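Shown next, in structure tokens, is the structure this report addresses.
Each chain gets a letter, A, B, C and D, in the order it is written, and its residues are counted from 1.
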Amino acid sequence: MDPVRLPLPVVDAAPVVPAVAKPFVHFAVLDDLLNAARANSLWPLTFGLACCAIEMMAVGASKYDLDRFGAGVFRPSARQADVMIFAGTISRKMGPVIKQLWDQMPSPKWSIAMGGCTIDGGPFKYPNQYAIYEGADHLVPVDVYIPGCPPRPEALIAGILRLQEKIKKGEKGDARP
Amino acid sequence: MSPASATPVSLDGLLLESADADFAVTGFHRVHSASVERIGDVARAYDEGAYLLEMITCEDRREDLKAMRLVYTFNRFAGDLDRHVVTVDLSGEIPGAEAPSINGVYPAANWFEREIYDMYGVTFSGHPNLKRILLPDDADFHALLRDFGRMEDAES
Amino acid sequence: MRQSAGPTLERTDEADTYYLNMGPQHPSMHGVLRLLLKLRGEEIVTCEPVIGYAHRAHEKMAENRNYIMFIPNTSRVDYLSGMIYNIAFCQAIEKLCSIEVPERAEVIRIIACELNRIQSHLLWFGTFLLDLGGITPFLYCFDDREEILDILDRVTGSRLTYAYGRFGGVTMDVDQDFLVRTLAFVKRIRSRFPMYEKLVGENVIFRERCEGVGVITPEVARQYGVSGPTLRASGIGYDVRRAEPYGGYDRFDFEIPTRTAGDCMARFEVRMAEMEQSCRIIEQAVAAMPEGPIGPKKLVQRLKPPEGMFYFAVESARGHFGQYILSDGSNTPLKLKMRTPSFSNLSAMETVLEGTMVADTIAIVGSIDIVMPEIDR
Amino acid sequence: MPTTLIEQFGNPAIAIATGVGGVMTVLSLNALFLIWLERKVSAWIQRRMGPMEVGFHGVFQTIADMLKLLGKQLITPKGIDKPLYHLAPIVVFAPVVAATSLLPFSKSVAISNIDIGLVLIFVFGGFAVVGIFMAGWGSNNKYALLGAMRSVAQNISYEIPLILSALAVVLMVSAVGREVPIDGEIVALNGLNLAHITMAQVHWTWFILVQPVAALIYFISVLAETNRAPFDIPEAESELVAGFHTEYSGMRFALFFFAEFSNMFIGAMVATVLFLGGWEGPILPGPVWFFLKTYALIFIMMWVRWTYPRLRFDQLMTFCWAILIPLSILNLLVTALVIKVVQS
């Protein structure tokens, strides 16, 4: 009778500092240029799941205008998108679809978990919940988490800027295996 | 269907019980109960009276002596508001009780019945497309049954 | 010569047809609706909506929590008319437990709900045009919509998912500034209607795309339990605010706009006219704002509902939203069924979409104004 | 007469290399600029700001986009028709380069000056359809296939009014005169030579004034040929996800993107030559006028795109076959009659 439970990620007590592999040849300028270009051209996938999608639309609209940061080109095809913004609750039925969409996106790709639902289930989390995935990181690696229910548009912009910083520094996502 | 053609429903002989209800308190004008065999006829009578099917739902009343109960509410656009509720008690295993589908009378019942099948495991005979609607196709549980997924169970 | 393999098309049971899967990730599926279309060329032979991709177990949560704990859930059922759902739940419990609501709270609720309704219709208008390929009106609507969100944000603290209602009133009182800004907004939106009419309503391409497309006859509407503006566009003037007045709507003077064509254009016109009626209600409510408390003197600590079945309906931006509560006398419902309008409206699509073209499908599904989590709950 | 590169260099190989290189540079820079302009124009229309952060008012935004697309993974989906899928972006982009090399930018600047330039331009324009269909057919994606089929039907239909309205101009050129004094020498004007079309307008008047119907039909057909809104049904975003290029990622997608904007550019340039007097204008040098007129037309195309919703497919075809084609035939007949009457 119990729904299939996903194994929760095991978190070590002491934070492990990842060993950064030093590339043999470092194309410093070229890499930096490419990273800067990537950071400034984050095309999100047109993909809304629930409430947060409306705020995502609001961010794309006149008052907040995500296009200022070069991130306003919402691409409906996963093949042409760079960043997946999880905007809303991820239901059990939706999980496989999201996995497939993520696999369809070309590398390098990033993801933003927008809102409480995609962080840990948010307001829909309760013991024995059967309908949702408690967090987007059960499915795909997440680069930036934005709290809120739904996060305000300013918060999403801050999240995008945080992702830009990360890309410019050449950091890989924390949750990236 | 025009307002003038709205006729009162004749439900003579189709119901087990019938009573007036206080609309101001319960939100229903009349409360009926019917046997599971006659629900198709009841629906047909309402359809002839140009009523609409507002919703169908199901209750798992295991802690309340009776087992499963289907709840149909009918209303009308024309004339004054007249909301009727028809309850149908089901016998049989849980999950796995059976009831006839009224999809042939009200196409609206299609999705409601699928939802009840999905959530309570009630099978509707004569339904053209009885499969899960909200939960994934491969789910092996009926989510709104009383003994499934209770918060207390997880805490203890 | 090498034979070209060509695209793979799944076999259907009918000759010259193929399946096209639309969604759950598709730009005009309003979130996560999935349509399984059987097409002959671009003509739709059958259409099967697949739902459940936003199922969040609201009803199970209601059975697991007491009434007060369920308040935050309500506005997330339909996040576009979250205020209406939130207030509706409170009104249902007030009626169930016979809790008095002061007049000022009622008027505040009506203003908030009608603002929410305008906001929802504006967003529908924008996304509908987006579905038809016109991008700019969407941004104009969001511009106007932001104003409403700001007004509501000021008193409720949130932009979409409100928890403003309390059993017996509202959480926060409104001030003079709120009323001034609301009136200013009404003035502003009134001045925008002619522009929308000119840009969209009189646009030849828009009319071509909408007139005669996706006709829902009154009979189909009744059989499928269609409600809201979609129903009123089919010529039936059924509005819960008028048919079974709740929350003090009977004190206000407003019209129920109807059209008889039943097509996408009629639905567009009904919603545009409804925004104007909401403006009228807001103006009357602001003028009639009484002084007094906004909630019960003592906070409702423990609810004592009577046993039995109970039904309470309101008119949300999408139609008849009904709450069926089965109570056993405790402060947790045995069963809370939410009868949501889009669920029934969408179920009518299997009939309406047959024989239309792919582009019409987008227009029709857009015109009935669906919100997926409200359908999936 | 515009001096062509071959005349200037003498050696055809060097001339062609220079020409193709020049055209590629112009086209790439132009596409970069147009994409930025499109985003800015849409932003102005929509009361937004558009790209602001990359360079002054986001001027380097498109460069960042292109660099990013260069560094993107090229996904080759399963089950595709490999030759078609890989060739399609090139087939779409190459004719654009070829077509641009035919246009006279000013009295003295042109890469080549061919007597059947107008015909060749339409031939190259027709090639794009092949590329689009290859992309749609080869992608093994039903949205792409639908988009490609729409595209073929639409482009072939709209080529008819496009050419018919251009034919009216060809007639006008021959009417202006077989013997026209230009720069001291007598030239027999050839209606299919793009430079001659411009010269006829320099000699007489802009054809938009005497052929307004043809100009309007031409402009509408160009919108349809370049798949711009309200005729953007082959890639109708809200219906077909991304239409024929749904399955393309990275630089392959960028080529389609480039081709779309370059097609727009060519459509506007040909319209400038046919109806707006090409390089003619006071004070400023020829090429400046040429590009000013071209960009004005492109601006109008953008304006239309951000104002109107999309037509439905069958309405689009009805509009072409029931209104545009009869109208353009009528226009052509009237033009021929009037010329005959005036000449006799």
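One rule holds in what follows: a contact is a pair of C-beta atoms (placed from the backbone, for glycine too) under 8 Å apart; a residue touches a chain by one contact, two chains touch by 3 or more.
Note that the coordinates shown come from a computational prediction; the quantities given were computed from them, not determined experimentally.
Chemist: Which chain has its Cα centroid closest to the overall Cα centroid?
Modeler: Central by C-alpha mean position: chain C.
Chemist: Between chain B and chain C, what's the gap in Å when you average each chain's C-alpha atoms?
Modeler: Each chain's C-alpha centroid was found; their separation is 24 Å.
Chemist: Report the inter-chain centroid distance for chain A and chain C in whole angstrom, where each centroid is the mean of the CA atoms.
Modeler: Comparing mean C-alpha positions, chain C is 29 Å from chain A.
Chemist: Centroid of chain C to centroid of chain D, CA atoms only: how many Å?
Modeler: 44
Chemist: Using mean CA coordinates as chain centres, what's the chain A-chain D distance in Å?
Modeler: Each chain reduced to its C-alpha mean, chain A and chain D end up 39 Å apart.
Chemist: Name the residues of chain D that each touch 2 or more other chains.
Modeler: Residue numbers touching two or more other chains: 46-48, 237, 241.
Chemist: Where in chain A do residues touch at least two different other chains?
Modeler: Residues 61-62, 76, 92-93, 126, 129-131 of chain A each touch two or more of the other chains.
Chemist: When you check chain B against every other chain, which residues touch at least two of them?
Modeler: Residues 134-136, 143, 149-151.
Chemist: What's the complete list of touching chain pairs for this entry?
Modeler: Taking the chains two at a time, the touching pairs are A-B, A-C, A-D, B-C, C-D.
Chemist: State the interface residues of chain C toward chain A in the complex, per the touch definition above.
Modeler: On the chain C side, the touching residues are 24-27, 31-32, 52-57, 60-61, 64-65, 72-73, 76, 79-80, 123, 138-140, 142-143, 145-146, 149, 159-161, 372-373, 376.
Chemist: Of all residues in chain D, which touch chain A in the complex?
Modeler: Chain D residues touching chain A: 39, 43, 46-54, 58, 61, 63-68, 71-75, 237, 241-242, 245-250, 253.
Chemist: Over in the complex, which chain B residues touch chain C? Could you list them?
Modeler: Interface residues on chain B, with respect to chain C: 1, 25-28, 31, 47, 50, 52-55, 57, 59-61, 63-64, 71, 73, 77, 81, 83, 85, 87, 106-108, 110-111, 119, 132-136, 143-144, 149-151.
Chemist: Which part of chain B faces chain A closely enough to touch in the complex?
Modeler: Touch residues, chain B against chain A: 134-136, 139-141, 143, 148-151, 153-155.
Chemist: Touching chain D in the complex: which residues of chain C?
Modeler: Chain C residues touching chain D: 4-9, 18, 20, 26-28, 42, 129-136, 139-140, 143, 199-200, 203, 205-206, 208-209, 357-360, 362.
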